[in-house]
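In the two assemblies presented below, chain A is common to both, partnered first by chain B and then by chain C.
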Partner chain A sequence: MFSRWNWVACGFYLLLNICSPDASGGLVQSCGHIIPESPVLALGSNFTALCILNESCLDFGNIYASQIIWKIKNRLVPKEQYREINRTVSSVTFNDTSSLATPLTCNILADGQIEQNIYGITVTVGLAPEKPKNLSCIVHQVSRFTYVMTCTWNPGRHTFLDTQFRLRYSWPEEIFPDCIPKDVNNSCTITDIQFFVNTEIWVEATNALGKAESDHLVVDPIDIVKPLSPQNVSLTSGILPTVLQLCWENWISDAVMMLKFNIRYRIVGDTNWLEVPSEDTASTRTSFSVQGLRPYTEYAFSIRCMKEDGVGYWSDWSEEKTGMTIEDQPSKGPPIWRIIDSSHSPAFWTVHLLWKALKPFEANGVILQYEVTVRDKSSLSSPVKKYNVTSTNHTLELREGTYEVTLVARNSVGASPPSVLLIPASNSKAPVKNLRTLPKHDKLWVGWTAPNSYVLKYVIEWCLVSSSSDCIIEWQIALGDVQGIDLKGIKPFKCYLITVYPLYADGQGSGQSVKAYLKQDRPSKGPTVQTKKVGKAEAVLTWNHLTVEEQNGFIRNYTILYKTIDGNETVVTVDPSKTEYTLSSLTSDTLYTVRMMASTDNGSRTGPDFTFTTQKFGKGEIEAIVVPVCLAFLLIVLLGVLFCFNKRDL
Partner chain B sequence: PHPRPGPRRDSSLSPHTGVMPFVALLLLQRRPVAGRALLVTGSGCPSHGLCRSNVQEQTRRQVAVLNATAQELFSLYLKCQGEPFSSESDKLCNPAGIFFPAFRVNRTSERKEVMVAMYKLFAFLNASLGNITRDQEELNPMAKELLERLHNTTKTTRGLISNLTCLLCKNYNIFQVDVRYGDSSKGKSAFKKKQQGCQVLRKYVQVIGQAARVLLPHLSPS
Partner chain C sequence: MAAAEGPSAALRRRDLCSRGIRLAGKMRADVVDLLDAYVEQQGLDASASVAAVEGVPVAAVERWDEQTGTQRLLENLAAYRAFRALLAQMLEEQREQLGEADEGLGRALAAVLLQVSA
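Right, the complex of A and B next:
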């Protein structure tokens, strides 16, 4: 059916395809090949490739190994690196593969200097893997019964090749499936681990250039456990005011691992943690009573655990659990003092009792009320008066006398020890001596010398001196064995009046006072000077003292500065207690300018200028001139009249 | 002939999770493997470096763990099998009907004898637990906690066998111990599979407590 010519055409077509120089494979055969095919070479090593021509291609006309040229990435390889092995084989050598790129091609210059590619190979250059180092493993408890072991290592230098890492582990009699890291080359997690069997662990790194193995680690996984922190932590109060009981659940059974614990706690609001001594929690337990706490105080607790023998890792700290200790009775009585106002009548006093609220660690709860008891010691038959007060002050109207005031603070548990204040009829006992102050950064230190008699305590009063408002007293108590105290809350550049009273068992000393500044400054304004009286050669100057708010310190002196228009300035220093000064030896009928400066220890401030003109004539000078002149005139007139009369008579 | 231990798992000293030994038994027409412990000197124990002085304490801890978890495992097993096992376990789970290695040692027995008895016991248990686990995966695939506990117990048993192999080889040069395994549950009905499992586990609870008591003086730190 097929014609003869069709068969011939097909055969010719087939022959043509077979003999085609196209080296793409299939029915087409390449003219040569390179060995090795796609090598992987160590960086810096030497390498020789051979291009081998097929015998069949030699017939295409004058194709010999001597015509072969090598190229790397289309760049010609120097002919010095070639060697003609024989008619059909050419080699190329590279002494250092660092310069080798891909692809490496074998080409030939055929007749007519036409370059034709014979074969090409890809060349991969890299490094053998380094020995993995620093292999370490930790077993994490991820849930109650589940543990995973994560091992990490240093994979070593970059190899530029595909390098596989495997974490291998085995028992004496059993090798387990390798752990293949996912997406990383320096860690792997094993989920199937068993405690209490010595396990050998190591890392193997493999690539086309070789293999390296880390040092082998032999460990019982029970010795590298990081447990979960104790769970379901709870706090129970009410046992004692200074005790809270902590309870928790261990998620590792005693059979697997005995535990030890660290318990830490802090007062809520404070950042400092306190720790229960570790020796007290060095064995497996599920509860612990923490003692020595403050009553009625909120605490936060946290706990962690690890293997009892200290081998392994501490768990994370558990979530904080807060709890409050119960109330206890107040530990001390409130400090108490009084301010006596006898201004309206010396025989009757208005006594303002003042006391300070207890600090939380003294109150030990919520103070519900204060109980004040007043006993008249001058008259034993007088009934004791009792008052229940919810504020921290109470005012009494008392007849002048000696009283004993007792104060207790009461909360839901009980009453504090009593604070006792003796209010004697007069402060006749010895006062303190040598009262002085000294600024100390932001505090003002007040010191005194104790009297000879035994002092129970001292009361230090202070108030801000002001020209526009009353001196509101603040006070503080110091023990009888101290002779100095720091006052806090003192503001700079403000004048304070400080008074110290010694309190004895049977009376009270009179108060000694001193004024003080924490810090002085120059006055905020200078004195305003004016003349009270101006004469021919003198002028009386007057001024007002600066208010205490304007002074900013103790005024050490005033300075008067005065001058004429073209004269030198004269300076006079005046005692700070004065409010008048007379300038003398002034020039008459002259304009003077005067100003005043007030000075403290920290500077001076000058007031506004004031001008005045001295008088031309002194006091009585005009009379001294006019009267004689008038008298003289009168005399002359009289003499003249007398003369005229005498002349007529003649 | 008994195969000598090689670098990997040995069928006589490191039994698999239960399947292969049963094949071996089948081939031997389910006759107990006869044999005696052979005292061999000089050949050295495989993986000597991992056979350290702490292996005694490790073995004691493993037995303690198994003892602490055995009753819970058994109770959970009964619960997961449902009726009548939950309510009639005394009758159904009587281990008299099955083979269980004798554990006739006490605190005064020779340590070597105790170690060999332990090996036989746990080799048997390892195989049995493997069977029970396979059956439960088929019968109770949703009983995740039971399967997890069976798996953990099997793992601990495997570790225990590894340590016992160390102890026997290192201290007594014993590296061949004849072990007899129980009947396979393959091909049995679901009820029979459940019953065989509970019989083994019930006996296991009894024997593991005994093993823990016996082991204490032999493996306490000296």
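Right, the complex of A and C next:
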């Protein structure tokens, strides 16, 4: 009896094992199955599965639907979700499929509490596709005769399922093959499109849970074209100094569409683009002459096109093409000035003529030479002297007198208007008044009041005052109607000598000068004081003025500070022009320490200390004591001798 | 070209007409290019008259002043249908003859065919 039950149990056990669906799959009939098989479920929906036991399995013992237990991924599903339909069928319900995972297995708790798997299904949870949105298409011209249409759309939320997108397009009477996107789900490119026919385009999204269709777009592909930029762009110069002609090839024929253009250009080296007014390029063409350019300047051009009526997209800007305008004659004469050196002989001058090179937009080309003409106005018969110079200065030896110097800059096209400088025999005309300076951040403003007569222009000279080297003159011209200019390049803490000359049509005013600092600082050194003469109650102090490099500003005053070892310090202020000062009311035979401070508007600096001792005796005091003492002594000796003689006589 | 009629406003008809005209213009340009390429490819005699071939619709320009607008459109429609059939045949033959050798020509022919259908 025992062995028979043993055999039955073993056989039953064996059978159950063989009945597991994952054992050999297919070869042996499973004990039950689940419906539905491999469902695809919408996220958040409810789902019920049934586990149906086979009749054949029930014969093996106490196996009922009530013993079925459900598992998700080997985690037990709560028994509240089970329902026993009948003896062989058990169901499990999920109210929200978001809690489902794969696999879902139907298992049975057999006699002896052995859990056996009966069947399992894979559950896929996902979402139906959302309606694709924002469908937009653009036709790109990829080569001279080839156009492709690329459409993009928003595929909507992630579905967690395999979703196919197809781009569909058709005419009223003709259907075309769908466009299937490769590797992406939000765009597709159609290579075969025809113009001038309204084409209906839409996107269909399909997956196991459903289908969605985007809004239909009806468009004539000719209205959504982005052309290729104009090709073979070339520039021609040489027509006029202010004109460059741009030529190009349009790769869209007039039969397909008429074009309009945008042309932009910039000076090479500048980043600002200028644009040709669009009204001037609003129709199909293959060339355009751009006017109003600067002579002898390199420009870069770029062009783009689109459909003439503005429906569609602009092409990309073409590659930049550069070209240079031809030279033109200079527009202005160079500013000219002179430095006259009459040091070695007042009747003969060494005149250094100086001028400034023209800026590129005034030179309009390469300046080949300057032509200087000197005319002696005081002697009508004197010949006119001409000089051709390549530098920006020229030195002449002239006899004292009145001269007119004309300067012209010449390039390969022609000469500039002349610049005229009158060198009068004397600067006798009215000078400017009230010359003053005002520092302004990094520039020094120089101002003056105009004289009563009409001034053609003003010349402002400035130079750095230095104790060790010559004052090198820099100069600038201002128009006759201004009464002040800013000087750039002025260094702080350095003294500059500024001179202003008014130039008239028939003469020149004398120069008015002023010294100025852009910024002042305290002196870099204090004055070194020493004594010249020391007496009993007075001392004469002496010092040297600081050099202009040491001053760093205008010295407003000197301050002398002196004291004894244990006494208070006495302060005396001295005028900055002085180099000597006498201290008085000093105590005799005392050690004094003295130092000097130089002050500018921005601070002071003290020099080294100097010590001296006042004399014990004043001038003549010693003589006044010694001489009477000696005389008295002599008198006593004399008296003594006389007394002795008297005594002997008696 | 199959012109879509129906309950459309005058505006829609005018738009269709203008597009039809532009399509015809483009077709003409494409056909001229295609003809040159085809004649060269097939080694044909360029001076041969197409009108002599049976089944090719004749241009009815000389008779236009005798016809009403509707008659003209209908004749054009019939002519385009005939052309569509002829071109389809041409495309078929061309594919058989040349196979994959001349894709460009085939594509151009197909494009013209499509435009005619439009």
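Structural remarks
Definition applied: the second predicted complex is superposed on the first by the 607 of 650 C-alpha atoms of A that agree within 3 Å, B and C clash if a C-alpha of one lies under 4 Å from a C-alpha of the other, contacts with A are read in each partner's own complex, and residues count from 1 in each chain.
Everything below uses one rule, namely that a residue touches a chain if its C-beta (ideal position, glycine included) is under 8 Å from a C-beta of that chain, and two chains touch if they have at least 3 such contacts.
All values reported here derive from a predicted model rather than from experimental measurement.
With chain A as the common reference, chain B cannot sit beside chain C without a clash. When the shared chain is aligned, chain B comes close enough to touch A:218, but chain C does not.
Contacts of A:200 after superposition on the shared chain: chain B is touched, whereas chain C is not. Looking at the shared chain after the overlay, A:426 reaches neither chain B nor chain C. When both complexes are overlaid on chain A, the residue A:253 reaches chain B and chain C alike.
Residue contacts after overlaying the shared chain place A:613 against neither chain B nor chain C. Look at A:395: by the touch rule set out above, it reaches neither chain B nor chain C. Using the contact criterion defined above for the overlaid structures, shared-chain residue A:175 touches chain B, although it does not reach chain C. Comparing the two complexes, residues 171-174, 192, 194-198, 220, 222, 253, 255-256 of chain A contact chain B in one case and chain C in the other.
Residues of chain C that touch chain A in their complex: 2, 4, 19-20, 22-23, 25-26, 28-29, 111, 114-115, 117-118. Of all the residues in chain B, the ones that touch chain A in their complex are 5, 8-10, 13-14, 45-47, 49-52, 54-55, 58-59, 61-62, 64-65, 67-69, 148-149, 152, 155-156, 158-163, 165-166. By the touch criterion stated above, chain A contacts chain B in their complex at residues 145, 170-175, 192, 194-200, 218, 220, 222, 253-256.
On the chain A side of its complex with chain C, the touching residues are 171-174, 192, 194-198, 220, 222, 253, 255-256.
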